[in-house]
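Structure in structure tokens, see below.
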Amino acid sequence: MASDLDTQSFLASPQLKPREGDLFNIDAALTEEERAVRDSVRAFVDEKVLPIIGQCYVDGRFPKELIAEMGANGYLGANLPEEYGCAGLSNVMYGLINQELERGDSGIRSFASVQGSLVMYPIYAFGSEEQKKHYLPKMAKGEIIGCFGLTEPDYGSNPAGMITRAKEQKDGSWILNGAKMWITNGSTAQVAIVWAKTEDNDDSGKSIRGFIVPTSTKGFKANGQKGKLSLRASDTSELVFDNVHLPADAILPKSGGLKSPLMCLTQARYGISWGALGAAIACYEEALAYSKERVMFGRPIGGFQIQQVRLADMLTEIVKGQLVSLHLGRMKDAGTFTPQQVSFAKRNNVNIATDIAREARRLLGGNGIVAEYASMRHMANLESVYTYEGTHDIHSLILGQAVTGMNAFGG
Amino acid sequence: MASDLDTQSFLASPQLKPREGDLFNIDAALTEEERAVRDSVRAFVDEKVLPIIGQCYVDGRFPKELIAEMGANGYLGANLPEEYGCAGLSNVMYGLINQELERGDSGIRSFASVQGSLVMYPIYAFGSEEQKKHYLPKMAKGEIIGCFGLTEPDYGSNPAGMITRAKEQKDGSWILNGAKMWITNGSTAQVAIVWAKTEDNDDSGKSIRGFIVPTSTKGFKANGQKGKLSLRASDTSELVFDNVHLPADAILPKSGGLKSPLMCLTQARYGISWGALGAAIACYEEALAYSKERVMFGRPIGGFQIQQVRLADMLTEIVKGQLVSLHLGRMKDAGTFTPQQVSFAKRNNVNIATDIAREARRLLGGNGIVAEYASMRHMANLESVYTYEGTHDIHSLILGQAVTGMNAFGG
Amino acid sequence: MASDLDTQSFLASPQLKPREGDLFNIDAALTEEERAVRDSVRAFVDEKVLPIIGQCYVDGRFPKELIAEMGANGYLGANLPEEYGCAGLSNVMYGLINQELERGDSGIRSFASVQGSLVMYPIYAFGSEEQKKHYLPKMAKGEIIGCFGLTEPDYGSNPAGMITRAKEQKDGSWILNGAKMWITNGSTAQVAIVWAKTEDNDDSGKSIRGFIVPTSTKGFKANGQKGKLSLRASDTSELVFDNVHLPADAILPKSGGLKSPLMCLTQARYGISWGALGAAIACYEEALAYSKERVMFGRPIGGFQIQQVRLADMLTEIVKGQLVSLHLGRMKDAGTFTPQQVSFAKRNNVNIATDIAREARRLLGGNGIVAEYASMRHMANLESVYTYEGTHDIHSLILGQAVTGMNAFGG
Amino acid sequence: MASDLDTQSFLASPQLKPREGDLFNIDAALTEEERAVRDSVRAFVDEKVLPIIGQCYVDGRFPKELIAEMGANGYLGANLPEEYGCAGLSNVMYGLINQELERGDSGIRSFASVQGSLVMYPIYAFGSEEQKKHYLPKMAKGEIIGCFGLTEPDYGSNPAGMITRAKEQKDGSWILNGAKMWITNGSTAQVAIVWAKTEDNDDSGKSIRGFIVPTSTKGFKANGQKGKLSLRASDTSELVFDNVHLPADAILPKSGGLKSPLMCLTQARYGISWGALGAAIACYEEALAYSKERVMFGRPIGGFQIQQVRLADMLTEIVKGQLVSLHLGRMKDAGTFTPQQVSFAKRNNVNIATDIAREARRLLGGNGIVAEYASMRHMANLESVYTYEGTHDIHSLILGQAVTGMNAFGG
């Protein structure tokens, strides 16, 4: 009965033996090509990101100097088609890129997530052929940077309540008024994808449409957020639209209703689920290496039971998160994945990453509070990641609704 | 570059849409044949186990009346070859059988684990051709029941220290003396696989050999454990060997050193990692169903945020455990899995199952303490599972050693 | 400025040095008389309860043979006045009695809680002078046992919804119909305090009144709960009232509205907050003693870091719970305590006790699942305690309402 | 029997009703004078610290401008005697000062802890009368600032291994060589208390003595720590001693062995146990206020069950921590407290504060990552507090040793 099965394991690399550092042999679930993509991004991060990112973080500066190479390497919109100048990679490969970039810093991955999933994706999914041809190749190269304006100060977890309005003029052009908050790349971008209601009385969000707004347009203003204690190597800004005039063709023609930006968030959250693992891996690897070197009471602290439990718990959660993201990626590549599954993965993986970063920092002792080590930087970054793109609590209620059939968002 | 990948997802059933109750679409990772095996065991448990198991548990009785059908259905030693009368299933299928049996009760799965992984497996792996031909077909049918005698009262986590001795006589026969504890099936079995040191001065356990001991042999005594508050539907006994004479061919010829029984434990732990998920699933499904029916303050309690968070957390851990066991099973089928990976899976899956059972019981309120509902029975059972086959702490230190290279068992 | 303070520490026994086993010197916060009360109950439990309670639990039997001595020792209604035959102890002393009784078993403490706080207290607080004089002295001696009928099958956390009705007849007598569930002492009691609505249309519970119902009255039936996996050494029953006729003077004249039974619950919960600590202390002490004796890998396991962390965490939560109950008791004795403070203490102390019992059981390894050891019995019992007298979740929402001013019971 | 007790509650203010925000009426355990001290420090922090501390933190600057007022208010060495120019307050009052200062920022409290417990205390306890008279009054006023040099780069948790040496010269003077790390106030101080071994071959630390070292002495160098992601409003420095010549009277004459600096740490840890509560209170109060104002889905988020559970859990841990510190303070005032009790309180209170800060930050959503709100600043600070003055793990093992009698520091 089982004869066929004996020859087929559904592992991508069934005969691969576990390499050191990959106790549960996650690599066996990846193809050789997937591992190659991951390793090349890993090398980029080791060579270009890690040497500078600690100081960028301390200085509160996003390292724009990396953009060109990220573009040249195909990291921006990597899962979009080659015909628009993108790398045309699978979603699993796209996920692995996110993982490795966030192993560098959540700010680097956030930059790529916004550019790829929140700017290039909506142009690809909701844009006209002209818009796609004009923007996507340049965005893939990093020549045009974009940002995504959905969240508003009082409607973080409830975008249907947004206040920003785009009013259609008699000539088909638009006037945009309102404000957006917590906008990654906001001060760096040449172009913003702005979501606005197009009707006055719209509580449900059904009149929401997306617009491509050059940030040089009169009335558009971006203000960098001051005093951040997280994602300090990322550009987070507030956007203000004061009677911003937009031509008729600024609209994304196929966008319609709140569903459109939510589709973008699903794309971005998918990438975040991978990215958070990268941050967790960075912390775990730092802690593990430290535990082998740091001597206390005459022994490396990695030989003490307390630290072994700590490391075993970290590793366990990373491995499980990797299996979650990989299964999700396989389903995304198969075309069957659901937004609730993405909520599941984002919620879990970011949550465990916050715990891992904290425990890694603690294992590092006093050294764990300086930017020379990565764990506390990741610990601080991940608090933003925990909150953005659907807070942990919101995803709990999305899952709760999915399994019980009952809506508990309003209490 | 990614063209080939687009056509291949490494999911067993890539196009399968998630069915209700399978939010993360674990089924897509299974073949149709695997799902069929699982569903048939599930049906057996629904029809034969669930109607009686609560009362068996209250009465402290293992339901022997189920053995014949379990044998006939191929659940015993299911991953051993057909040439010895076994089902010859893959390790993933074997795992799914364990999952479904423990959805019934940990005692049912323990019975099958011992019979298959701790009795049939060592005969298969270390036995002579005669031993295999004599025992395995009858054991597969449940006509001969076995037990596994390794653990001793003072050496639960340190079997190398065992006291039981088999002394070779001049004629090649053996005399066995000692005692074993916490022996599942001990009073039910016709045959015991007993592990004993064959040399007097052996601290490391290198002289340990396995013996096939008919329980009717003079000097062999089994005493059922009294006062159990866990695994009450399982036979747990103490074995005493008082000058038990064994013929020369009682020995398992290929056994040698502590490594042999540890290989058996690796097999059993593999099955436990799946089984614990079954207990967790039983609890989650019971709690979910209850949350939809139980009305408080005018609403089903499943509509309250507190219960939605509880359910989302349960589901999350079950899904991750399933991915862990499935990945492990695929590696076992590919022949690359390691004992440390089994420790990883046993430790995690049992641990999360204990939490899920407790939270399910709590969601059930007052009803959660009676045997009419399953969650508290599982909660109590899982404490045994947490402790046996390597305690949680021991597996922490196995993982700690694997990643740091340092041994911390002795502190 | 601080001269006066130097001479006053507000400790009851400021100069007391910490005794072994009392690391944080909780005894210094107790008077000599309080410690004497505690020690005498402790001796009673050691001598009379512990030798039999494991077997009672296995057998599912409440040890009625202990009642007379508990009465003679003044443990029943101990904080009620001497003029009604009670011990007239302070609330702190009453709490210490509860702590020590539950160190024996939650079922023993539940018996005393029901008798004292849920039967004698309402007679004392809402009864006529005749009722007090008739019942309280006999109840204090344990000659009359009572139970408390408030909870109904579908209104566990929402007693205002109760269905049980007492209908006043023209002659002032009453006819009682309905059913109650999860009634401690229900089959043991000679007298039940039953809460019923006296008006047909009453959603809020304002017509609720209390009645003294002899269990021998025609139409009164008590059915012992079958299949309990918790509180097995306690009598838990269902009560059914089928046209139970009660004389006019069966009513508790000063009772009125849901507030009356809730006042009783506040009394009982106060005692539970102490009792749960007793269960936790039993588990901690058992685990600590075991850790010093149990040798593994050549050392007592108490010398391993993993077990030291486990013990330190247990101790920490016990100490904090003791300070909570003691502060609450001092406030109760001062007459200032609030029901929300009782919710605080019940919720915390039971919750930490469930964790401590589980960790103790785990430290005990395989021995931790048999009734010869106490930890798993306590672990199972505490699940009932977690649920009854206001579930953990309900108390969370009581506290949430207290601090935010917003009601979230209905979601 | 209980008549006397009825009149005595051992609460400092037994009749006090709970004020809003003090659900468990901790105030009732304080005297009026204690509450007055606390309230005055609270006002100082509200008026002088909170308006500037967020910016100080972002800028990485300790606000030296506050020192004079802290001195004038008696916050420095507040529990030392009035005869040396100190406030002569009780240890409970001293604790309350620490609590309120850390409600501002851990860096402010660290400054005061070092000055009072690690500089003034050793001069008071181990110094000559001349040293006390010279230093203490000026230090109490903040005219001379001190730091405490014990920790070395490779001996964070094991000070007995220190390398720094003080070599006595023939004329009785000393030459100091070595380095110290993680020194609070290191670059701010005019005087350092430096601990050094005075014998070459000393593994146990028995030759350790303390020295008063003016930071202007030739060969003394302090380097501010760069890249801190925690305690950014505090001065943390490395000290280097390169042939620092000290006069004979630089030594603290009564210091002797490792015990002396450990006594200082006990003093400081006592204050930290209170201080961490202040940070936790700041976070809880910020989160609670935010939950009442922040509207989502049409309701203040404080009305949602998820947030109510979060707030109830925070409050619970704060209250328990307050009772711990208060009981410890009463024992310190009574002269009976032990270093293990201080470990207990430091370990618990800092640990719960880190959780509370994180949960508060999460409740604040996106706003929780900016320095305009306090929670994330406290969350980051508390990681240092978790690590310094005995890491959490070290205190676990101190408690483990205290209860089991076995030393597990070395594994």
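The chains carry the letters A, B, C and D, assigned in the order they are written, with residues numbered from 1 in each.
The criterion applied here is as follows: a contact is a pair of C-beta atoms (placed from the backbone, for glycine too) under 8 Å apart; a residue touches a chain by one contact, two chains touch by 3 or more.
Protein names from UniProt, one per chain: A, B, C, D = Acyl-CoA dehydrogenase family protein.
It should be emphasised that the depicted structure is a prediction, and the values quoted were computed from it without experimental measurement.
Each step here moves to a touching chain, and the least such steps from chain B to chain D number 1.
Chain centres here are means of the Cα atoms, and by that rule the chain farthest away from chain A is C. Here the CA centre of chain A is 40 Å from the CA centre of chain B. If each chain is reduced to the centroid of its CA atoms, chain A and chain C end up 51 Å from each other.
Within chain D, residues 303-306, 309, 396-397, 408, 411 each touch two or more of the remaining chains.
Interface residues of chain D facing chain A in the complex, by the touch rule stated above, are 54-55, 57-58, 151, 154-158, 181-182, 225-231, 295-299, 303-306, 354, 358, 361-362, 365-366, 368-372, 376-377, 379-380, 383-384, 386-388, 391-393, 396-397, 409-411.
Interface of chain C with chain D (complex): residues 1-2, 5-6, 9-12, 14-18, 23-26, 28-29, 31, 33-34, 87-90, 92-93, 288, 291-292, 300, 302-305, 307-309, 311-312, 315-316, 319-321, 323-324, 327-328, 330-331, 333-338, 340-341, 344, 347-348, 395-397, 399-408, 411. On chain B, the positions that touch chain D within their shared complex are 304-306, 309, 408, 411.
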